[in-house]
Structure formats: structure tokens, C-alpha cells
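Both complexes below contain subunit A, partnered by subunit B and then by subunit C.
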Partner chain A sequence: MAAVSARVSAFAERIGSAATPPGPFRSGFWRSPIRGPWLTSVFGLVLLFGIPVMFVTGVLSYAAYNPGLGPINDQTADKGLLGFYLFDWPTRPYWLYRLTQGLHVTLGVVLVPVLLAKLWSVIPKLFQWPPLRSAAQALERLSLLLLVGGGIFEFVTGIFNVQLFYVFPGSFYTLHFYGAWVFIAAFVVHVSLRFGRMTRALRSRNLFRELRTGVSGTRPEPPDADGLVPVAPAAPTMSRRGAVGMVGAGSLLLLVVTAGQSIGGRLRGTALLAPHDRDPGHGPNGFQINKTAASVGITPNLVGPAWRLEVHGSGRPVVLSREQLLAMPRHTAALPIACVEGWSTADQHWEGLRLADLAALSGLPAAGSVLVESVQPSGPYSSVMLRGNQIRDPRALLALRVNGADLSMDHGYPARVIVPANPGVNNTKWVHRLTFRT
Partner chain B sequence: MRTGVTRWLTGAAGLVLAGVGAYRLLGVDDLTGVLIWLGGAVVLHDVLIAPLVLLIGSVLVRGGVRGPVRGALLVGGALTAVALPVLLRPGKPANPSVLPLDYPRNWLVTLVAVAVVSALVPVVRRIGRSRRR
Partner chain C sequence: MSRFLRWYGANPLHLLVLVCSFAITGYACARLFAQRPVEVVIWLVGAAIVHDLILMPLYSLADLSARSVLRHRAQDMPTPAWINHLRVPAFLSGVLLLVWFPLIFRLSGPYQGATGLTDAVYIGRWLAITAVLFGLSALILAFKLGRIRRQARDDEERPPASAGKSA
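What follows is the complex of A and B.
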């Protein structure tokens, strides 16, 4: 370690002894009088609370897909240790996924101005000269590369996916999951290195006095070891209050035009720039859809009178027509559809057969899992595995009707699964086979 | 000395963990695509967004433009950045339930709202000042 350190230092000395390049590498180039540890720390503090909330809601969403049930649910077969925390995703409270994922997506959008402001506040550090001073500093710069690269990667892929702009290379699920670990690891390194400096900087100025100080009273902070405070500050044209206020206003506006798709009701109309900002139709089946029957290749003859539900379990498979299913004891449940994209519907009134009753019918009342298959031609989400606790919840249904009417084609006619707190895409539509396993 | 050791340990542990994440990312089918996107994220910010913002900022300050105009640009810029995918997306959405609105129109409506609020800020300030007198 000492040898590496010495070699890096020698290398740094050689670069440092060369003349400092012009432009942003010169310390006199950066002149904003409000740049300094305090302002950076204010944005940093917001992210210090925001990013962990993003991470926790994100890994919860990953757990909600029940990747532990096998490759049908899991596109990250190589996750290894990164799946250490996985647990049986619960079915109560039934609005759990609606809350965690609505929070994840809305907060992610709202934090965009804060993230950009934080990067603006430290941009002189990108051009520090010499670029490498010691081995420890080289490691820190590497961690910053992962922090900035991983952070922007996560925000960009997340926002693109929410807006159904699938241009990224590969499955969103895989990219966003592994990218999150790169980002959070670099975030932990960064916090451990900078936390002390942040708290000192925050204590150095009084927030309430700052919020009362206009442009005319704005003075630069005293010179700092990190070189954030300019050596030759220009006259102030914006107060710190102004900078924080503008970033706050940007976040507030993004909150207003986004949150409605998760909160619903009248607020749905305020989600001016959200992809799911109004109900696509009227009547019992008029609520949100992500994939229509036509878009995934469901033709009327696949779900016509010849359609049958197969229930497999311990004995011979049971084959039932829709009429036979409707004649069985039906139950109701009021449950929302909540999507990984953050949007959700209000509670819909579903009516159908309990998965628990179907498990009993299959001869495996204590089934540990069920494979749900759709008539949908094979695609990444045409089948799903559900866990025992999801089968046994009395509100987990194979729904035949919704809001007092038969399911529409786009909502999964003749039969679909609806399970409390289950991510939307795992509530498989157009079901034709249930295979219960012990 | 102790902080030095802690730093090395957390730094090394964090980098190892980040390395695991990065290594797994490389397992994705389109390896060059992933590298371009990870590196591109840094390039996008450091080479495009940051210089553009700094340039506009410096032109505005030299032109004597400040206060609410800069606020409006900053807020409108953040909004535009987030809305870019729905604005630029070519073609029609797969079904009437997703992306159902006229997004360019909504984007313009929101920008007009930002402009109106920004224009009101100095008026409200002036009224507040004259009341205090």
C-alpha cells in the first residue's frame, strides 16, 4: 500500500510540476460568490435523506417481484449476495406496493433539480489540478466517478422507464438493479468521507439568517480546504436564499405535475407530464391499462367460448369453462393496480374465485407456490410465480368480474389474477393455467 | 491516524461493493451499450449539461439579467429535462391508456405558468416593500 501511495505521489508531482492548463483548471476561473461548503452541504443534506429512501423503496420493489421463486420471476439470476435481504413479500397492507413505488418514482422525479444543483455546486472540483495527489485521493476520485455516473444512470434509466422510453441497452430490471448497487456503494463511500465536513459546514452558517439575506447582503464564505469558495469572487447576482428557493421551486413544480398519477382522484388531472395521467375510458372497466390485449397478441379466439382454465395440483388436472367458474362460490376484494412505473389506480371492486379455494380444488390446499400462465404468446411477463402467503390471502382472487361487470378484454377477460400489494405486472391477465406446487 | 484507517476501510469496502455491481452489469447482453450508458451519464453531465448551464448563466449575468428570469429558466429547464422523453418520443404509443395527452401542449402550458409566476414575483415584492414603508 505504501509503495503504491509513493508511486502515485511521484506521478502526481510530475503532473503538478507541469504548468496548470488554462480555463477551468485555473482557480480564478470559478467566480460564483455563493459556491462554498455551506450551499453544497444544504443540497447534500437533502440527498442524504432522499437517496436512502430511494434505495430502500427500490430494493423493496425488487423483493416485491419475489425473485427468490425462480427464473420466471427473476431476470437477475447472477445476483448472488446482492439478494441477501430477500423476504416473502407480504399481502398486507394491501396498498403497500402502491405506497412504496409511488414514493420511489415521485421522489426520484422531485430530486432531479437537487441532484443537478449539487453537481453545479461542486463542479470546480472536476477541474482540480494536479488531478491526482495521492493514492487515497485517486481512490476517492474513482468513487466519485461511480457516484456521478451511477447516480445519473439510475435517474435517467428510471425516468425513461417511467415514461415508457425503452432505449436503454437491455432489461430495465437488470440495469436499474445492478446500477443501484454501484450507486449506493459509491454513495456510502462518499458519505463516510464527507459527513464530518458537511455537518461542520452546516453549522458554520445560520439557515434562518441565510433565508433572510438578499443579494445585497450576500458575501462569500471564508476560503475552504476543498477549494469550493472562489479565490476571486464576482459580485453577487443571486443570494443563497435565491439559489435554494429556485431549486425548491423546480422540485415543487415537478411534484405537482407528477404526483397525481400515484395519488389519483382529482389530482390525476394535474399530472400534466406523467404517462398515466387520466383514465382511458368510462364505466366499470375504464381504469388504467399498461398493455392492451391487441398489443400483446391476444386474439378473440384465444379467449372465446373454447377457452378453458386448467388447474394442476396433486391429482388429475381440473379443466373448467368460464360458465363453470362463474357457478362456483365467488368472493370480492377492493384492490388497486399499482405499477412499477409509479402510477396506480384507486381501489377496484374485483369479483372472482379465491386462489386458496382453487389450491384446495387442485388437491394442494397448503400449496407453497403457484405458476400462473397466460394465453399471451410468450413474453417476459406472460407467466409468474406467486408464493404461498399470496395464495392464502382471502383477497387474492382469480378475478372474473370488476366493478360489477365482466372483465374487458384489456383487463384480462376471461380471468386474471389480482393479489393484494402485488406489483401490477405480476397480476397476470388472460390466465389459462394454474399449477400449484407444494 | 484512526480516521485514515477508517477511510481506507470504508473506501475499499465501498469500491469492492461497487465493483460487484459493475461486474454484474457487465453480464448484461449488450456490454458496450452498458459501458456507453454508464460513461455517457458522466459525459452527458460534465461535457454537455454543466457547460451549457454555466455558459447561459454567465451570458445572463453579463447581460444584466438576474432574479426571477434566472429562476424561471432554472425551473423550466429542470421541467424540460424530466419531460424530454415524452416530448421527443417519435411515433404513437401502443395503446390509449399510456401517454394519452398532448405533451408538447402541456409542456408549453406549464412553462407559461412558470413565466407568469416569475413575472409576479417582482410585483409582489414591490407591493410588499411599499407596504412596509
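What follows is the complex of A and C.
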């Protein structure tokens, strides 16, 4: 270790003694008079609150898939210790996943301008010379690469995924989940090393005075140890108030053109640039669709008159036609569809058989789990496992009808699962087999 | 302690926090790189490079060029306020494009089939929002310039009167 450190120091000295290269490596290159610790800290403070909310809602989303029930539900089965926090996902409040995932995606979009501004404010640090002064600094810069690379990676994969723009190298779940741990590990280091500097910088200027200072009154901050404040500042063309205001306006605009897809109702129409900004149809089945029947290979003959529901449990399997299902005691529940992509619907009025009644029919009223299989040709989410608490919630249904009409093909005709607080893809459509287990 | 400071360059807590973080990073990376490791590394490091060495220089250069090119045409305008009437709508329109470009440029193959919705609407909406942003900014600038011109005219008319009084 000592030898490595000595070598780093020697290397640093050799580079340091060489002349500073021209361009961005020269301290006179960066001239914006508003760059400085205060401005950086304002953006940093916003991210200090925003990033933890995104991380927590993100890891909650993983828990919501109930990965503990087996590889069918688990896209990152080799998670090891990173799944240490997992717990049985509850069914109440019924809007829980709608809230956590809407928050995760909307906040991710809204924070983009703040992230850009934060990175702009510290860009001179990327070109500091000499690049490595000590072993400590070398390690810290490696951590910063993981912070910036990991952070942008998380924002990009998330934002691409909600637009179904699958250009990233591999499964979204794998990349976004493990990427989140790389990012958050570097984020915690960054916060713990910089928190003191951030609070000092925020206290160094009066926010209210700053908000009253226009372009003509804008002066650079006093020189700082980090070299953010320019040594040769240009004349100001924008005040600090203006910069914070412009970034805030960017966030607000993104909020306005995005949030409606998660709030629904009349506000859905305001989500002008969001992927689920309008209803795909009219009438009882007119609400949002995650995957249409055609897109996953469901043909009318797969769900025609020959369709049967198989219910497996302790005894002989029970096989039921749709007419027989409709003749059984039906129950109703008002529940939303809430997708991992952040959009959701208002409560829809579902009508069908309680999963608890079907469990009793299978001979396992106290079933610990159920395997739900779709007629959908094999693919992701053509089958899913649900847990005992989800089976026994009185609002958990095998739905046959919605909003007073039969399910449409795109919403899972002849029968689909709907469970409170369940991620959308786990509410399997076109169900043909339920296998209850103890 | 001082010997440690000399050879490491920071206090021991700094080292402990970083090693702890790198251990978690290593654990996650082993899983992140399990499949297509080279491409994942390119995406992870490339994210930082594309932002820091391409996107940021490009928008900084655009800002500098706009200021230097338009300065000559804006000599009769109050400097430097006018640049922000270009900067702010360009920034707002730009972040909308940056976030939603796959939909705006219809790059997502599965979108229409999966959702039952068309993505043909987005480019028109983005252009409309852009038009509104620049239009509003132009209106506000026109209003400001009008006020400044009126003020200048008033100032021109006034001095002879005050000169007459003092004489």
C-alpha cells in the first residue's frame, strides 16, 4: 500500500511539474461568474433530497414484485446480499404501488434539469491540474466517475425504458437494479465527504438577498479551495437567481408535461409528452393498456369457446368454462392498474371471483402462494407467483368483467388477475391455470 | 496520524468510507457485468463521457456562438439582457427534447403495438411547446425594448426643458 502511494505521489509530481496543458486545464478557461460553491450547493441540496426518494421508491418497486417467491418473479435472481431488505409486499393501501412508482418515474424526469445544472456547475473540477495529487484524491476521483457515470446511467436507462426504447445492453431490470447500487454507493460517499462543505457554502450567502439580486448586481463568490469560482470571471449575463429560476422552470415544465399520466382523470391530457397521455379507447374498456393482445401473440382461438380455466390444488384439478365461472358468486373491487413505467389508471370497477374462493375450491383455503399462468406464449410475465396475503385480500379477484362490461381482449379476456397494490405486469391477463400451493 | 496523512493525502475516515463504498460497488458490478460486460462498461463510463465531453461542450459552444454572432446585430439593444430571451426558451425546449426524444422522433419500435397508441402526436406537440416558449420570450423582449425606447425618447425630450430652466 505504501509503495502504491509512493508511486502515485511520484506520478503526480511528474505530471504536476510538467506544464499545464492548454484549454480547459488552465484555470483561466472557465469564466462563468456565477459558478461557485453556493450555486453548486443549491443544486446539490435538491438532489440530496431527491436521489434518496428515488432510491427508496426504486428498491420498494423491486420488493413489490415479490422476488422471494422464486425466479418467475425475480429478474435479478443473483442479487445475493442486495436483496437483504425484501419483505412481503402488502395489499393495502391499495394505491401503494401507484404512489411509489408514479413518484419514482415522475421525480426522475423532473430532476433531469437539476442534475444537468449540478454537473455544469462543477465541470472545472474534471479538468483540474495536476489530475492526481495524492492516493486519496485518486480514489475519490474514481468514486466520482462511478457517481457521474452511474447517475447518468440510471437516469438514461429509466427514461428510455418508460418510452419502450430498449436500446440498452441487456434486461432493464438487471441494469437498473445493479446500476442503482453502483450509483448509491458512490452517492453516499460523495454526500459524506461534501456535506460539511455544502452546508458552509449555503450559509455563506443569504438566499433572500440572492433572490433580489439581478444581473447587474451579480458578483463572483469569493475564491474557493475547490477552484469552482473563476480566476478571470467574464461579465455576468445571468444572475444566480436567473440560473436557479431557469433550472426550476425546466423541472416545472417537465412536471407539467409528465405527471398527468400518473395522476389520471382530466389531468392525463396535460401529460403532453408522456407515453400514456391519452386513453387508447372509449367506453368501459377504454383505459390504458400495457401490452395489447396482438403484441404478445394472443389470438382469438386461444381464448375462444374452447378456453377453460384450470384450478389446481390439493385434489383433482377443477376445470371451468367461462359460463361456469360467471355462474359462481361474483364480487367487485375498485382498483387501479399501476405500471412499473410510472403511469397508472384511475380506479376501475372490476367484477369476478375472489382468489380466496378459488383457493378454497382447489382444496387449499390457506394457500401460501399461487402460480398464475396465461395462455400467452412463453415470454416475460406470461406467468407469475402471488403470495398468501394477496390471495386472501377480499379485493383480489380473477376478474371477468370491468366497468360493467366483459373484459376486452386487450385487458385480458376471458379472465385476468387484479390484486390491490400489485405492479401492473403481475396482474396476469388471459389466465388459464391457477396452481395453489401450501 | 500525520504520517498517514502524508502518504495517503486525507484522514483515515476518508479511506474507510471509500473502501466500504468500493466493496459495495464491486459486489453490484460483478452482477451488473455478468452478461455483455463490455457493452455495460461502455454504457456506464460512456454516460459520463458523452455528457461531460460532448453534450456540455456542445451546449456551451452554442451559447458562446449565439452571444458572439448576435452581439453585432444587437448593438442597439440593451446588453446583456437579450441573451436570456434566447437562452431560457432554448434550455426549456432542449430539456423536453433530451428527456422525451425517443417518443418525439418515434424511435421506439414496440410502442404502438404494445400500448395501442400512436407516437405520431409527439413531434407536433414538442414543436408547438417550443413555438409558445420562443413566442412568449419574444413578446416579453419586445415589451421591454418598447419601454426602454419610450424612456430614451422621453429622456431626449426632457434635457432641453431642464436646460432652459437652469439658464
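The definition used in the following text is that the second predicted complex is superposed on the first by the 435 of 438 C-alpha atoms of A that agree within 3 Å, B and C clash if a C-alpha of one lies under 4 Å from a C-alpha of the other, contacts with A are read in each partner's own complex, and residues count from 1 in each chain.
Definition applied: a contact is a pair of C-beta atoms (placed from the backbone, for glycine too) under 8 Å apart; a residue touches a chain by one contact, two chains touch by 3 or more.
Computed from a predicted structure; not experimentally measured.
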With everything superposed onto subunit A, say whether subunit B and subunit C fit together or clash. clash
Counting only touches as set out at the top, which of subunit B and subunit C does A:50 meet: first, second, both, neither? neither
Taking the superposition on A as described, I'd like to know which of subunit B and subunit C A:179 touches: first, second, both or neither. both
Between subunit B (first) and subunit C (second), which does A:166 come into contact with in this model arrangement: first, second, both, or neither? second
Applying the document's definition of touch, where does A:291 land relative to subunit B and subunit C: first, second, both, or neither? both
On the A-aligned overlay, A:137 touches which partner chain: subunit B = first, subunit C = second, or both, or neither? second
Jot down the residues of subunit A that show up as touching in both complexes, subunit B in one and subunit C in the other. 76, 78-82, 109, 112-113, 116, 119-120, 123, 126, 136, 139-140, 142-143, 145-146, 148-150, 152-153, 156, 159-160, 163-165, 168-170, 174-175, 178-179, 181-182, 185-186, 188-189, 192-193, 215, 237-238, 242, 246, 249-250, 253-254, 257, 272-273, 275-276, 278, 280-281, 288-292, 294-295, 410
Interface with subunit A, subunit C side, in the complex: residues 7-10, 14-15, 17-18, 21-22, 24-25, 27-29, 31-32, 34-36, 39-40, 42-48, 50-52, 56, 67, 80-81, 83-84, 87-88, 91-92, 95-96, 98-100, 102-104, 107-111, 113-117, 122, 125-126, 129
Residues of subunit A defined as touching subunit B within the complex: 1, 76, 78-82, 109, 112-113, 116, 119-120, 123, 126, 136, 139-140, 142-143, 145-146, 148-153, 156-157, 159-160, 163-165, 168-171, 174-175, 178-183, 185-186, 188-189, 192-193, 215, 234, 237-238, 242, 245-247, 249-251, 253-254, 257, 272-273, 275-278, 280-281, 288-292, 294-295, 410
Residues of subunit A defined as touching subunit C within the complex: 2, 5-6, 9, 76, 78-82, 109, 112-113, 116, 119-120, 123, 126, 133-137, 139-140, 142-143, 145-146, 148-150, 152-153, 156, 159-160, 163-166, 168-170, 174-175, 178-179, 181-182, 185-186, 188-189, 192-193, 215, 235-238, 242, 246, 249-250, 253-254, 257, 272-276, 278, 280-281, 288-292, 294-295, 410
Complex contact set, residues of subunit B against subunit A: 4, 6-8, 10-12, 14-15, 17-18, 20-22, 24-25, 27-30, 32-34, 36-39, 41-42, 44-46, 49-50, 53-54, 61, 66-67, 70-71, 74-75, 77-79, 81-83, 85-86, 89, 93-101, 103, 106-107, 109-110, 114
